[in-house]
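Shared chain: chain A. Partners: chain B in the first complex, chain C in the second.
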Partner chain A sequence: MESNEADISLLVVILDTNPSQKIIRKNAHAMTQCIDAVVAFGNTHLMQKSQNKLAVIACHHSVTEFLYPTAGKLEVRQVDGQYEIFTLVEKTVKHRLAELINSAPRIVQPCESLLAGSISMALAYIARVNRNKSVGMRLSSRILIVTGSNECASQYMTYMNVFFTAQKQGVTIDVCALDKSLSLLQQGTDITGGQYLKLPQLDGVLQYLLWVFLPDHQTRDKLVLPPASKVDYRAACFCHRELIDIGYVCSVCLSIFCKITPICGTCQTVFKNSAPIREKKKRTIK
Partner chain B sequence: MTSKSGSILLMKPSNIDCKDLQSYLKTRPPELLEKIYHYPTICLAVYRELPEISRQFVIRILFVEQPVPQAVVASWGSQIFAKEQAIATSCLTELNVWRVAAIPGGLPAWELSSTFSKNLKIALLGGGRPWSMSTFMDGPKPKEVSFLDTYAMSRWRCVLHYMVGAGSNSKIRENEGISPDAVRILLHANLMRRDERDGTPSITRQGFQFLLLNSQAQVWHFMLQYLDTCEERGLNLPECLSMLFQLSFSTLGKDYSSEGMSSGMLTFLQHLREFGLVYQRKRKEGRFYPTRLSLNITNKNAIVPSVGNDDDKVEENGYIVVETNFRVYAYTDSNLQVALLGLFTELLYRFPNLIVGVLTRDSVRQALKGGITAEQIVSYLQQYAHPNMINTESAVKTRSSLPPTVVDQIKLWENERNRFVYTEGVVYNQFLSQADFITLRDYALSINVLVWQSERNRTMVVTKNGHDDVKKFWKRYSKNGG
Partner chain C sequence: MADDPDHDGIDDPKEYRWETGYERTWESIKEDEDGMIDAAIAELIQKAKRKRQHDKTAQNRLGMMRHVFLIVDCTENMNTSDLKPSRLFCTVKLLEMFIQEFFDQNPISQMGIIALKGKRAEKLTELTGTSKKHIQVVQELTKLNPSGEPSLQNGLDMALKALKVLPTHASREILVIMGSLTTCDPVDINATVESLKTEGIRTSIISLSAEIRICRYITSETNGNFGAVLDDSHFKDQLMAHIDPPQAAQTQENSLIKMGFPHPRAEEGKGPILSMCMCHIDNKDDPSKLSSAGFHCPQCLSKYCELPVECLSCGLTLVSAPHLARSYHHLFPVKQFREVLFNGQSDKCYACQKVFTAEADKHVYFCEMCEQFYCCDCDLFVHDTMHTCVGCNTLPGVQKRIALKVSGGQGGFGI
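This part shows the complex of A and B:
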């Protein structure tokens, strides 16, 4: 398997830094804990092989930005026995994050993190790395999302678009849910063949990350990892952005609705109805 | 009747033995391993060289500060890959990374070597002493990466040129001499041998095989040989190893300080400078720059991959085009490269910037006879394949830039030579009568030790193991008067 040795493994970590997450509001130290864990995890990924690559993206409430790598290189001298590249990662991430937090506008009311946007940014980055790689090299890439946000069904369409793009590009999406369980992102991991883990507790987050998310795709087959639980495949309706079990689907554009309407809200098709619509037919969950 | 045995035929030509870091360390005594695990850089290098599964195991128990039952560790791997897992486990044991420990309850458990885990954590998370070569300096003075690359390659080529040109061409030796120390290493590594008559070193069979390796592998092999002899020079082996790996994990184009180094290490640095592993403007200058040769030194793959926004892109060094009609075009003017190609091709024309050769059965067999393997020829051609060959559609699909016909044919030519199956045996001949021969042959046949026989010549060959039995039988038989 010598060809495997030449493969580059790219890991993009998306860290949700939105201050309106419940875990952060409850305990401000949770953020520091998460960042330390993510940096150590990223460095462990770099430690696996010399060819491995890392990128860290922060998804803030107002903006999504790259924490590592950045354009301007920081001058780092190795100080305490740590491998220089690891020091560089740690310093850059913390430096950039401080900048990001200081420059962000004050948050007025809790808002949701636009994770789908961050994923598409990660996919764009992966596509660029893929194009720039030297001939004969193969790139296997994955995205790890670390978030404590709530489910955001309003991003349903964007989520599905990025998931299927990732699937098409052969990018694995892993999700580590810190707080609530997230069924939409879980669907994404299922579609792209990644791992989904909802942390039972925030302590020892690094150990969870190392355990479940460190092995790359080929190695995962050789190890026993938590079995995939049943994936909740409910879709969100296009009218109220709520997750539904059974709904109505437009025969022309396949939009999903929780209530029947005579005209499709997406493509404006007029449905022909021979019989009057009976309200009883409609069944939504919850 | 006489019998004689022959085993000279079974001697295989000795080939170059290229060890990786793992097999090198496995041959070292455990005390030394314990000593070198005190250096975080070595721990990092050892960790990277471990098999994939071992690495996961180590990471999983790195932050667990107590022994972990063996049964638990075994349950981490999937049953289908049990064999791979066994290799991973034994590898960790052999390298002394973990050892068996007893936990209350009598279960056998694994415990990471405390030195190893402590220093691996330092490499990963920091919290230790700074590396010896990163003393604070006033103002960084970075160097151009391309400049360092050219410097490193020109220094390293000197060593290679010396190997090819020594003895035969005195002019080369004047221009591109290398120090007696380097020559001693080449001699020690058996890459060159002193001529019996005039004592000038000349290249050996292993030397040619060495030249066919990629430069990364060459440097590593060379450094291993250097380390073998470093005790004789009064250098401290763990210190040298740690220095080597510090270089291996440094950043290209950045300057490092040699301040506060022991005199042994300064000597070592001067040697590295000679081979092009580090660049130093003046001997006395307190700063030096590691070059690409010393980066990721244990990595056998020639190209240090560069992706994304890295500005240190590797220069394409391919110059060989191989066609399906076995013609080889090499865009080069270097005598070294011409000499190497000449090992296994028949050179047809030579132009100022191009040589044309053809791979023939005779030329390849000539190389095979010299102990070069088909694998080495193919990998050499592959390694220096012209970028245009790598970019073709078929190359991308098959991940090999050479025409499949040529690769297959080279391998077939090698297999051609392996038509003989050597079996050690004892010849019985000069029987006095046909009856004697037939009795003995039938006996040998009945106990399944007969290798070959010819009734007309009254000659038979039995295996070495069967020789005693057949001899005893023959003694009994002839005593009874046949």
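This part shows the complex of A and C:
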């Protein structure tokens, strides 16, 4: 791959730190393992080229915050022989995360991670970096989501908005699922041309990250990566929440129904009977 | 945009744009204590950026399935170089952008293009739902040598003929880009206007030269918009105003539309079947390839490379759930942020982490839902591109609050 001085690659890692994740509840060390892996992964990205940029966002149960870069510079003592940015990344991420966890309210019951919102924050950040880049520089950005949460259908609209925004801005979304398989996020990777990987096991998470998610878009074409499974884009009808092949869509509010109804259940529009209703046979029986 | 007509007819009491436009622009630039004007300029830029946003308000009855015919004047007057490098080139460049954005924001809509060349109208593309072909055709317009006079009536008649047969639940629109000041019509154009009106086809006209009475008349009769452009950026604004779906017309009928949601067909234990797609079947330059990928119509199993598309063999509209979801933001737009004077409410923009400084950020933007502060750029990004407020979706509890306010609003898609 020819490296060009004018190419900047920005990687935004969204790390799900929600303590209600199953893997963390089962084994608290899993969290440490993931953080170490993400820091090492981020540093590897920075190591590839001096122009590369990194941002780390933590999606906690109460708040989403940037772990790196932060507004105030943290005082870091250089470790002998280590590239100072690496130390800075590691120290800042861990310091900020500790602050975040300590300041977060205790959770009473398991709650969902607001990943879609975190993606929107990442996109806003990417948009700013893109605006502020110096003339002649080309920025390619991607977002890596590392999560063990379940996804929640209530965030569907936000997910779709951010996926299409990412597609429009040329941002690739990669997803590393630590625990459950995530079909919504899988749609996102499909829409934006990213990679989706569900880890077979949590051990060696760094190896998986380095292997699948480190190469940039051009290099990935040349690698044999886990094949993308077919994504199911079917809609669920609003009336029974079942996936349907053929449905009826309200022309006013775009609600989907599996059968013809005279009145839209969402916007109360009365439909004109465009499709002929076959009821003649019944009448003859009467 | 003082010449935005909406419904105020021909006897517009407002002055024309060119009469007020650039009067005393110097007065709005004020020096600060140090005699610097940077801050004043930053504010002007901010204002200009936000200009287009103001009139966007939540509406719940929109014509979201749009069938739009774009009529482009390709005659002598398009050679004029008041727009750089020439009217035609400028139009083509902006149209490329417009078409892309149109399909991005209105994924289940269709568009067709008609060119007015030497008193004739020529249909360049039929109504279709993909941007590629349109952009290609529009780019080819630059090779044209514009000559002769346009006939507005021929163009409108051609579009009318195509739009008349479409079902009335869709919003049917015509957008004319007119370079000429005159039109050379075969018969009385009023008859065409009358039938446009009875059919309920919204006709909007953007004139590149000046306000023309007949154009203003057509637009006011058919509920369209008329605009005369000042320069290329004003032209862009005028054009981009047509991206958002219009309010549903009274005459528009509501109905349920049958749609197909193709999904990958994989039978257990078997590999996917190799087949050819329907969309390239007649295309000689880029013939249909044998492959296993693609979307199958659930009704007749014909295969297509991309969605959304209307099935060529059985006429079913094929979409994917994300496409429908994409149109949803028109119905539930993000609430406008409140502009507040910056006096240290927050040290940084909640979304992009930009640190606020008193010089660069005279105003910050406040979302009343999640009570966070945003910078001007993020305000635009959230409302124009993302359609999702960052704070509302990252802070737990805010969504529930919104859901209570708009109860029964959105249903659920997907999973």
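Going forward, the second predicted complex is superposed on the first by the 237 of 286 C-alpha atoms of A that agree within 3 Å, B and C clash if a C-alpha of one lies under 4 Å from a C-alpha of the other, contacts with A are read in each partner's own complex, and residues count from 1 in each chain.
Definition applied: contacts are C-beta pairs under 8 Å (C-beta built on N, C-alpha and C of every residue); 3 or more make two chains touch, one makes a residue touch a chain.
Since we're looking at a predicted model, the values are computed, not measured.
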Tell me the contact category for A:206 with respect to chain B and chain C: first, second, both or neither. first
With both complexes overlaid on chain A, does A:235 touch chain B (first), chain C (second), both or neither? second
Under the stated touch criterion, which partner chain does A:128 make contact with: chain B (first), chain C (second), both, or neither? both
Between chain B and chain C, pick out the one touching the greater number of residues of chain A. C
One more residue to check, A:8. First (chain B), second (chain C), both or neither? first
Footprint intersection on chain A (chain B / chain C) at 71, 128
Chain C - residues contacting chain A, complex: 60-62, 64-65, 104, 108, 167, 169-170, 248, 253-264, 266, 298-299, 307, 316, 320-322, 324-329, 331-332, 347-348, 351-355, 377-378, 381-382, 385-390, 392-396, 399, 408, 410-415
Considering only the defined contacts, which chain A positions touch chain C in the complex? 59, 61-64, 66, 71, 111, 114, 116-118, 120-121, 123-125, 127-128, 131, 151, 153-158, 160-165, 168-169, 183-184, 187, 191, 230-236, 238, 241, 244-257, 260-261, 264-267, 269-272, 274-275
Touching chain B in the complex, chain A uses residues 3, 5-6, 8, 10, 40, 43-44, 47-51, 53, 69, 71, 75, 77-87, 90, 128-129, 132-137, 139, 206-207, 210-211, 214-215, 218-219, 221-224
Name, in rising order, each residue of chain B that touches chain A in their complex. 40-41, 44, 47-48, 52-53, 55-56, 59-60, 63, 75-78, 80-81, 84-85, 119, 122-131, 134, 136, 140, 249-251, 296, 299-301, 303-309, 313-314, 387, 390-391, 399, 401
